[in-house]
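There are two complexes below, and they share chain A, which is joined by chain B in the first and by chain C in the second.
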Partner chain A sequence: MQPSVNLLDIWYSLTFSYSYNASIVCLALIFQGLISGIIGGLLLHRRKALLTDTLSHATLPGVGIGFLISLFFMDGAREEWVILGGALFTVVLALGVMRLLERWMRQDAALSLTLSGFYGGGVVLLSYIQTIPSGTKAGLEYFLLGQSATINLAETTLISSGALVVFVAYFALYKEWKLLCFDQKYAAALGYNINLLDLLLTILACITIAVGIRSMGLILIMGIITIPALTASLLVKNWSAFILTSALIGAISAHIGVSISAGLDDVPSGSAIILFGMLFYFTALIWRTLHDRYGNLWARHETRQDN
Partner chain B sequence: MKYLLECKNLSVDYGLHKALGPLSVKLPKNSKIAMLGPNGAGKSTLLKALTGVTSYKGSLIKNYSSFSYTEQRQEVDWDFPVTCHGVAEMGLYAKVGWFRPLNKQHKKMAYDALAKLGIEDLADRPISQLSVGQQQRVFLARSIVNEEAELFLFDEPLAGVDLKTSEVIYKLFDDLISKGKSIVCVHHNLYDAADYFDHGILINHHLIAQGDLTKVLSKKNLESAYGAGIAVPQFKKRNKVTKVASAA
Partner chain C sequence: MTFSDFWQVDFGPLISALLSALCCNVGGNLLLVRNQSMTVDAVSHMVLPGMVVAFMMSGEINFFNIFWGALGASLSGIWLVEVLSRRHDRSAVLGMVFSAWFALGILLLELFVDSKVHFDVNHILFGSLESIYWLGLRAGDTFDLSIALANMPADIPILIGILCISMILFMVFYKEILLVSFNYNYARCHVKYSSFLYYGISVFVTMTVVAAFKIIGLIMILGMFIIPPLLASFFSNNLFSRNLLGMVFALFICIAGYSIAVYVPAYYLGEEFSLNVGGTIVSFGAILSLIIVSIKQILFLYSNRYDNTLKISNI
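Let's look at the complex of A and B:
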């Protein structure tokens, strides 16, 4: 039996010399890693990391709805933007439902109720789709675990446009994000509209998730959003460096993960990316533990002053 | 005489819970005002109403153009990845406005504010490595960095800080007063209030007493604010405390 590991494919993917299309896909996923790192950093310090999980699971019914729309109203051509548009629609809907539920219950209860409700709905819808005789439904399961190898150019355009929106919003409101995440009360006293900034942050998170589910899978996308940010928070203690590190770790994990997935048949890209992210995290954790116990390992540094 | 601030029947409700008022009070300009009262008396709520974070009923006449607000130290996550300089410059964000980045002059203003509190050497240090006193000084640097503010609102800046830091804060108050600014500060320690402040308001939802601190903190006033049996503070003059500080 042939081994399914192809080291040459992994190397080609890592060096962008596989094929033009594969390189474009790889680049789009690096963008995905970058924006996931940025949004993850913001969400982590805004204490909204769990929101990602609920929102990503809420994309499932949207994927089904988008598929059905393209099947019945668009002559069965599987249009990627319709499916992603459907995902974005149900994510925003879930956000609205959650805001409404929070009036009667605690936030964590609202999160879990929304997650299970939307995910359950999505599973029912997808089971129904499996019964429709149609040749184009293949590939819908990629939205669960992520499969980068089959991403087409239309999808890379969607990922890149989403990334552009997040980049622009992050850099334009650089100091506002920092203030919102550090000190909401002070920001309100300075006259900033906290609800507006929070809404904007959540919309950016929705965009990051909607464009990312195709490559990461909706179950694991929470990982690429939270793990780089957690890793960066162990390594650096300065805001701009923190976000930059988080973005870079996201991008590097995505690059390596996609390449591994290209060489190993049947390994979903999402899982490979998450495993590399976890590897970075535990390396950083060991470094931080040693650093805290034995002082700075590279240079002498002032220690904490207690008085 | 024109007042800094005039409240008439000011009240704040959180749902069915009445957090403050009705309160009517007039505050003088250019003085160090201590806001005293038991827990849950509505001191922080009054500060929130003044900053516009909370909505209120009644009238509030403000005779100042802008204010600066410093909340309690415990309100933020001190593990947040930011340097002391990064916190100090936040005081300028509203002045700079949406979308715009800070320029070199702003960065220098933040550095000068840290220097005023004697922590310029900590400018590049992450806030996670600060002591309690240093944390409080970073917060105060943030509040004074915008020099256009006319009123300075502080929420318990003296809670839990050491003698050295309290000296720095005392000097900072004097400095602000000499520039014609006004200070309103929530304070909990009745025994040293007269050392730091020249005017006091004692509240417990309503105004109980106002004016010179030695008169405000009488047995009758304190009992109506805190309940019977409270020890009335004996007032020492400030210079005694200063001597202890210099001896230490």
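Let's look at the complex of A and C:
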């Protein structure tokens, strides 16, 4: 069972000349990678990366609720925006529950309690949906692992509008994000509402996750949010350059991953994206280690500094 | 649903769920006081590539193949997390490594495992509790102890062994475990093998996850590692009594959740309907702990013994 390899397909997919549908999928995943990089960078500075894990698992009951709504109230027409809307609803609900629980118990316990409660509810709901005789439930399991090959124009529009919201919020509140990430006590002293900004950041993370589960799946979305941010934190020190690098690495690894998946049979695109991101990460880690140990590798005539 | 049906159909899954929950409770208490409850989530996702590789190499789903493969994968993942968290934030590294391991597992599964084989991701995510049958267990005239023991599923004695070993280790090393869990830096000054003990607890938790994994699946592992210890922590501040209380809560949640999953839909919708057992147990436990913590907070707010202002923790 060797996978058939077609290098030409990979090249066509990289240059957007494979087919119309493949280009749509590529575009959707590039947008997803860009906003995941931005949100991941912000969350990494806030030390809240594991929040993503809880929120992404909390999409599962939302998928079930969205499916049931489209089944009972919309005559079984499976509209993707209903399912994604349901996912967004439960993610925001989980965020509220978690912020409440965070005051009452340890943060880690609050995260994992919310995660297990919502994920368990989702599993129960899906097992109930399995008993309903209906033909349209076949694709629901793809939300677990993601299936980017069947993304159509409407879903790409959904992902790009989510991306637009994140871009606008990032550039409009650029100064506030920078303050929040570096010194939140100083920001509070200057009169900014820290709790509101923090809530806004987590809601942006919710939007990123809700639009991302269709293409990446609810488990691997964690990877595309953390890997570009960690890679960028190895490469650059400047804050705005860090966020930019993180977004670019997310977009590039998404593009290359989905192209590899187009050229190789049986390679799921989510896995390809995550593993390509890990390749980036380990390259950056080796470069960083050498750089720290032997000084600047590119400037030959400067004195090497050992630290 | 008659009494003999219970012995034949429900007793096997129920006893497996109970034993797994008791095993998870011991490690869950230790992780809760160490603020590392989310590690379980990461470990339970990391087992996938090891299971697939073990399946590819042996060609059959054997408990020991799956166990060693999953143990190798999750220990290597935890090692990588500990190494990389010297450089980065630990939670971000945890997320990165587990998603990478899971992606690798899915890739191997898609590339090399035939889809006709009874081995897919849904089993791993949702558990296969319903597929445990204990043949030869009947109430009434045909019951024979030797036949019942011969037909016992292989997972049950392994779970009993893990439970006994974990309880004995917990009681023997109770003093050291207490010190290492609550104040690691202090323990490093006074106990020679404290780092061995610290990472030993991680390894032990990993082994528990891996052993219980094949039976109860990812969702119930998560729930049983966090919910009974958390419920116990509302009532006690002593690690040992938390452990015992957690066991009581684990038994209660499992039996109540199992009844809700199996008997309530059968009563209202018909005999053939049932919900996913693991998911129901976990959501029942989560709702129960939410109710108990809310009651506790309300009592706390209206009691005059303490200063009843909530602390703003975010600034």
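Odds and ends about this structure:
Note that in this section the second predicted complex is superposed on the first by the 291 of 307 C-alpha atoms of A that agree within 3 Å, B and C clash if a C-alpha of one lies under 4 Å from a C-alpha of the other, contacts with A are read in each partner's own complex, and residues count from 1 in each chain.
The working rule: a residue touches a chain if its C-beta (ideal position, glycine included) is under 8 Å from a C-beta of that chain, and two chains touch if they have at least 3 such contacts.
These numbers were taken from a predicted model, which means no experiment stands behind them.
Shared-chain residue A:Leu220: touches chain C; no touch with chain B.
In the superposed model, A:Ala49 lies in contact with chain C only, and not with chain B.
By the touch criterion stated above, A:Asp266 is placed in contact with chain C alone, chain B being left untouched.
In the superposed pair of complexes, A:Arg106 makes contact with chain C only, with no contact to chain B. Touch criterion met: A:Asn238 reaches chain B, while chain C stays clear of it.
In the superposition on chain A, A:Gly191 makes contact with chain B only, not with chain C. Of the two partner chains placed by superposition, A:His255 touches none, neither chain B nor chain C.
Of the two partner chains placed by superposition, only chain B is touched by A:Lys178; chain C is not. If you count the residues of chain A touched by chain B and by chain C, you find the higher number for C. Residues 185, 188, 233 of chain A lie at the contact with chain B in one complex and at the contact with chain C in the other.
Per the touch definition, chain B reaches chain A in the complex via residues 51-53, 69, 71, 75-77, 80-83, 86-87, 90, 93-94, 96, 98-99, 101-102, 125-126, 128-131, 133-134, 142, 162. On chain A, the positions that touch chain B within their shared complex are 45, 172-176, 178-179, 181-183, 185-186, 188-192, 233, 236-239, 241-242, 302, 304-307. If you check the complex, the residues on chain C that touch chain A are 32, 35-38, 40-41, 45, 87-89, 91-96, 98-100, 102-104, 106-107, 110-112, 114, 121-122, 125-126, 219, 222-223, 225-227, 230, 233, 261, 269, 273, 275-276, 278-283, 285-287, 289-290, 293, 296-297, 310-311, 313-315. On the chain A side of its complex with chain C, the touching residues are 1, 3, 43-44, 47-50, 52-53, 97, 101-109, 111-117, 119-124, 126-128, 131, 141, 144-145, 184-185, 188, 194-195, 198, 219-220, 222-227, 229-230, 233-234, 266-268, 270-275, 277-278, 281.
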